[in-house]
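Each structure below is given as structure tokens.
The two complexes that follow have subunit A in common; it is paired with subunit B in the first and with subunit C in the second.
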Partner chain A sequence: MNSIIIDGLSFALPLFIIAIGGIYSERSGITNLALEGLLGFGAFTGGLTAAIIYEYSSIGGTASMYIALIAALFGGMVYAMLHALLCIRFKANQVISGVVINILATALTAFLTNQINASLFGRASNRFVLEVSPRFSIPLISEIPFIGAFFTSIYPFEIIILIVAAIMWYVLEKTPYGLRLRAAGDNPQAVDAAGANVSAIRFSAVMVSGALSGLGGMCFAYSISSNVSPSIFSGYGYLSIAAFIFGNWKIGPTFWACILFGFARSAGYSLVNVLALPSAYSDLVLTLPYIITVILLIFVSRANRAPKSLGEVYDKGKR
Partner chain B sequence: MKHEGYKKAVVRMLGPGRTQYLRVSLFCIVISLIAGSVLLALLGKNPLEGYVSILQGAGFLPKARYAGHRSMFTDFMSLVNYTTPMIFASLSFAVAMRCGIFNINISGMMLFSGFIASITVGYSSIPAPFAQILVVLIGVISGALSGALVGWLKHRFNANEVVISIMFNYIVSYVISFFIQTMFVDPTTRQSVRVGDNAMLTGVDTMVGDLRMDISYVFPLAVLAVVLIGFMFSKTRIGFELKAVGMNHNASRYAGIRIGRSVIFSMALSGILAGLAGVSYYMGTFGSIQPRVIPTLGFDSIAVALLGNNSPIGCLLASFLVMTISNGTTYMSSRLGVLREIASLITGILLLFSACGGAFKALADRYKEELKSENKKGGSR
Partner chain C sequence: MADDIVVLDHITKRFPRIVANDDISLSIKKGEIYALLGENGAGKSTLMSVLFGLYEPDEGRIIIRGKEVQIHSPREASALNIGMVHQHFKLVSDQSVTENIILGIEPTVKRLGILSRLDMKGARERIRKLSSDYGLDVDPDAKIEDLPVSARQRVEILKMLYRDAEILIFDEPTAVLTPQEIDSLLHVIKALRDGGKTIILITHKLDEIKKVADRCAILCRGKLVGIYDVNSISTQEMASLMVGYEYTDEVNKKNYSGGDTILQVENVTLYNQDKVKVVDDVSFCVHKGEIVSIAGVAGNGQVEVADVVAGMLIPSAGRIVYKGMDITGKSIRERTEEGIAYIPEDRQDVGLLLDCDLAVNLALKSYYHEPYCSRGILKPVEFRKNGEMLIDQYDIRSSEGCSTIVRSMSGGNQQKAIIAREISLDADLYIFVQPTRGLDVGAIKNIQERILALSEEGKAVLLISLELEEIMNLSDTVIVMYNGRIQTVRKRSEVTANEIGYYMMGAKHEA
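Then we have the complex of A and B:
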């Protein structure tokens, strides 16, 4: 039971922060299928940074982890500018741009990882190995049965994610910038008339989504595999898209959607463990979050309300 | 005006006219080839040599040496073999896109039809021509069903087809992986057991004269599909209705077109093509299925269709171009000693620029307008 909560949280929270990125982008009116590519590229930057630190400096484990997380944040942000450029400046179809960004991210990270490993570190490898992230338990509270599991063997990044998520919620819902961002997704002409720059708002929103995706991708790299390899592209970005569409493009409900995905997954895994099934059965279990998504999507879709101008290129002359 | 010459050049090259789409596409290709050259030059390789060896690897130029029973023609035949699934897949995307549906489920549909065909006909002892016909039929049916399902969910429940499709991709991939690993796994390759030669849609290593080549039996079917889809969109009522729905839902409903029927029909058709892509991929080029792997070809085909401007003939040409690059780069990487991953990178760059095609077109159109108004001003003075 405890492991369901512990593993569920460590999967759900990175998913959550990526989904918040998606919410920022989509609430501003830019469809963002690129989350998958953004998180992968962010993780690549973080992994590269960690590898360089490990090889060339004396900075140890935990500090290098924080630096890698920050690097991933910036890597995702810079790469997201490509999506923003295509969608806003070049007025490309936003869905297609997202797909292309994902394809390019897979190709680019695979190529660069191999090339850098060969020429900088002199080894043939398609991955950057990370140091194992430390975990901690909060004393006393973690002793409480059941509830204590929420405070046991926490990754440091889970705390970071919760703090960042709270800040992002505040910015989106309570600040003038957040108001303009949300308006840009519903009625960009009104935002323009009020004197704000729609393109700039959307550009910054996509950059935020890149930064958060990069952060989330690096967290996945630390929690799931302790390395950055092509397997980072295994659909978590798409899963987080499903999460925020479920959450009706709102941060609060999206949190619960992510928790649901995380717990469905970890519960499935521990079911396979408890029943001592062969490992092939974990494949069936892994479909759980996806099946839940499809079923719930069928039920909630009628009530769903996407941002009104989502996916539309902003045209000043349109009424 | 300072930039007038530059604007005139852009308008002449990319401006409005009969061949505008073709010229814009060619422009995107040229830019990405230049970007690829820069990349090769950065790696310290000669770009020209790189591109020549891509063409050599794809069978358009003769290589210096060939192994026994091989020649430029056998290389070209294997390019055709690899391209066939891509033609089907990009057509599949184009058909749905014309109706305004974004089918990102192609990979999953390919996997589904390939798997069904493998376990039913692939592991049976039905004699050759019947088995192959059955495989094609199974591809068509399983594709049509899965496509119609997505179309129905979208129409009936207003479910976001992109998310539904992505979820289906993963569900199909994991469930099939489960069945392969529990029932059909080949212990040495860790993939599904290879299907019998009787069911293969490609004649692998067939001797023709002195040459040993891979002959794709379904390539003619792919060309036929290009012609038929082209005919459907340009000459038939249902094709016109699909396009109308894709352009404006409300106007089509007002004109009396049944939206639901169009959406489900176009998704079923898209599914049929994806199913054909699946059987020609899994039972043509490969012969077995790797568990837990979604074919990236299904995603690449999206961008290929985009490069071909969602027109059937454009899909055919773009498929050949992209597969030439990805096939030929394997040879280039061994010739020049660069990493194999550069193949997908160059393809990715090509897709990136083709996504900007619309912007180049819009830019040229705008310049044309500006030049026109400037001329008018000059005339009135």
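Then we have the complex of A and C:
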């Protein structure tokens, strides 16, 4: 039981922070299918940073992890500017741009990882190995049955994610910038008439989505595999898109959607363990979040309302 | 001249192929209601867009409060305390009234001395005060999408007031309102003037000008025809100056002599998405050569009746019989092919493909058969031929003929295009839903004459209109609907406009 909660949270939270990135981008009016590519590229940047630190400096494991997380954040942000540039400056189709960004990220990171490993570190490998992230439990509270599991074996990044998520919620709901961002996704003409710069708002929102995706991607790298390899591209970006759509493009409900996905996944693994099923079944379990997605889609699609101008190129002259 | 707050001095604005404003000079006094009168396309909106910084004039000067200014953007106009309520509202539908009003000039407060956040409370207070000062009656916490059009318009007015606008421009504010709402808007406009604001009212409705305006400038085809004190000029004179020729209000109408039944609506009942009964047991007939109109205040089920007949909505109960045949379950295309033509209420959403060209739009109901399509391949040449013919016949004005993108055309010409398309179908039953809404006097007259001509050719016409005058001018039979029910069915010749008005308000009821 405890492992369901522990593993569920460590999967759900990175998913959540990526979904918040998606919410920023889409509430501003830019369709963002590029989350998958953004998280992968962010993780690549973080992984490369961690590898360089390991190879060339004496900075220890935990400190290098924080540096790697920050590097992933910037990597995702910079890479997201490509999506922003295509969609806003060049008015490209946002769906196509997103897909291209994803494909490019897969190819580019695989190529660069191999090349850098060969030339910089002198080994043939398609991955950057990370040090294992420490975990901690909160004394006393973690002793409480059931509830204690939420405070046991926590990755430090889970705390970071919760803090960042709270800040992102505050910015979106309580600040002038957030108000304009939300308005830009509904009626950009109104934002323009109010004297604010729609393109700048949208550009920054896409950059935020890149930064948060990069951060989330790096967290996945630390928690799931302890390395950055092509397996980082296994659909978590798409899953977070599903999460924020179920969450109706709102941060609160999206949190619960992510928790649901996380727990469904970890519960499935536990089930495989408890029933002592062959390992092939654990692959089946991996599909669980996606199956839930399909089923949920049937129920929530009707009530859901996407931002009104989502995916539309903003053209000042159009009435 | 000292109290002139806005002076437009020899303004000329040219667009490709057209001079929208030709050497126009106006001066507007502080604290007056100044009306700009003209047909669609006369250049009123362009002139105000110049003042509001949306366009820059090719020639001429703008003088505000005695100082010559260059206005390059709405933002700069706003800084000069100029505000504008556009025809198409610029509101964010999923946000509250307050959020919409503060957008762009958000007030903030510091929380705990560091965290800066929106000052929703202060903004709400200020909006509440402004709202009660001018009798606007807007709830600052309501969501825009839950508000009716008239309240959204009041939000736009509040938006200007919140920005301390002193010169308020209204671009055809009454086009989207019902008669009662128009009255209350005119009250608000007067209250604003009495509060010291200067108001510029763009309109083509003469009676409104008579009711509220102090002075009016009449534009015709980009030129200034004259500036008049409203008290010293009659509506008749204004109308003929604005149209550019002598205008008569009366429509020549022959008396209806009776004919075969074309359409029978039998006990139709319709529930909407929220399970509310919007049409309640409605039955009536339309005969050959007859114009049957349904009168009523907006939202009493008239439009739904038309949609049911056209096939856009499926009735919850009842039958639609057309030429003796039950068509209740037939698709829209089948109905079209049987000879039902439909001019919808919302010409932009339902009637046209705004981003396609005129030739395509004019063939929308026949593109799939000969001569437009042969063996599954479209024939652009036929589209053009048909387009050019209709443009010529129906006097549809557009900048590039058949290749004009419909979005760029004026409302009146968009409507003409729909009517041309539908009439060219040579149907037997024509359904017109608010065919003249938002159009200028010339276009209204043109369309009304077309409707009369149809009935003279022996076509059956079902007309839904909010304009009582139009109903009285055109119909043979008047049906009044209230709350989804038929209040009364009367011969036009046996009823007065006042009586119809009573029925519309639900005051009289016939068992």
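We take it that the second predicted complex is superposed on the first by the 319 of 319 C-alpha atoms of A that agree within 3 Å, B and C clash if a C-alpha of one lies under 4 Å from a C-alpha of the other, contacts with A are read in each partner's own complex, and residues count from 1 in each chain.
Note that contacts are C-beta pairs under 8 Å (C-beta built on N, C-alpha and C of every residue); 3 or more make two chains touch, one makes a residue touch a chain.
These numbers come from a predicted model, not from an experiment.
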>> On the A-aligned overlay, A:Pro139 touches which partner chain: subunit B = first, subunit C = second, or both, or neither?
In response: neither
> Counting residues of subunit A in contact, which comes out ahead: subunit B or subunit C?
Replying inline: B
> Of the two partner chains, subunit B (first) and subunit C (second), which one does A:Ile291 touch, if any: first, second, both, or neither?
Replying inline: first
>> Looking at A:Gln189 after the superposition, I want to know if it touches subunit B, subunit C, both of them or none. Which is it: first, second, both, neither?
In response: second
>> Looking at A:Gly122 after the superposition, I want to know if it touches subunit B, subunit C, both of them or none. Which is it: first, second, both, neither?
In response: neither
>> Let me test your reading of the model: by the given contact rule, A:Asn102 touches which partner, first (subunit B), second (subunit C), both or neither?
In response: first
> Which positions of subunit A sit in both the subunit B and the subunit C interface?
Replying inline: none
> Which residues of subunit A touch subunit C in their complex?
Replying inline: 170, 174-176, 179-180, 182-183, 186-187, 189-191, 193-196, 305, 307-308, 318-319
>> List the residues on subunit C that touch subunit A in their complex, please.
In response: 73-75, 78, 86, 88, 90-95, 99-100, 102-106, 108, 115-118, 407
>> Can you tell me which positions in subunit B touch subunit A when the two form their complex?
In response: 102, 104, 153, 157-160, 162-164, 166-171, 174-175, 177-178, 181-182, 291-292, 296, 299-300, 302-303, 306, 339, 341-342, 344-345, 347-349, 351-352, 355-356, 358-359, 362
> Any idea which subunit A residues touch subunit B in the complex?
Replying inline: 33, 86, 89-93, 95-97, 99-100, 102-104, 106-108, 110-111, 114-115, 118, 235, 238, 241-242, 245, 278, 280-281, 283-284, 286-287, 290-291, 293-294, 297-298, 301-302, 304
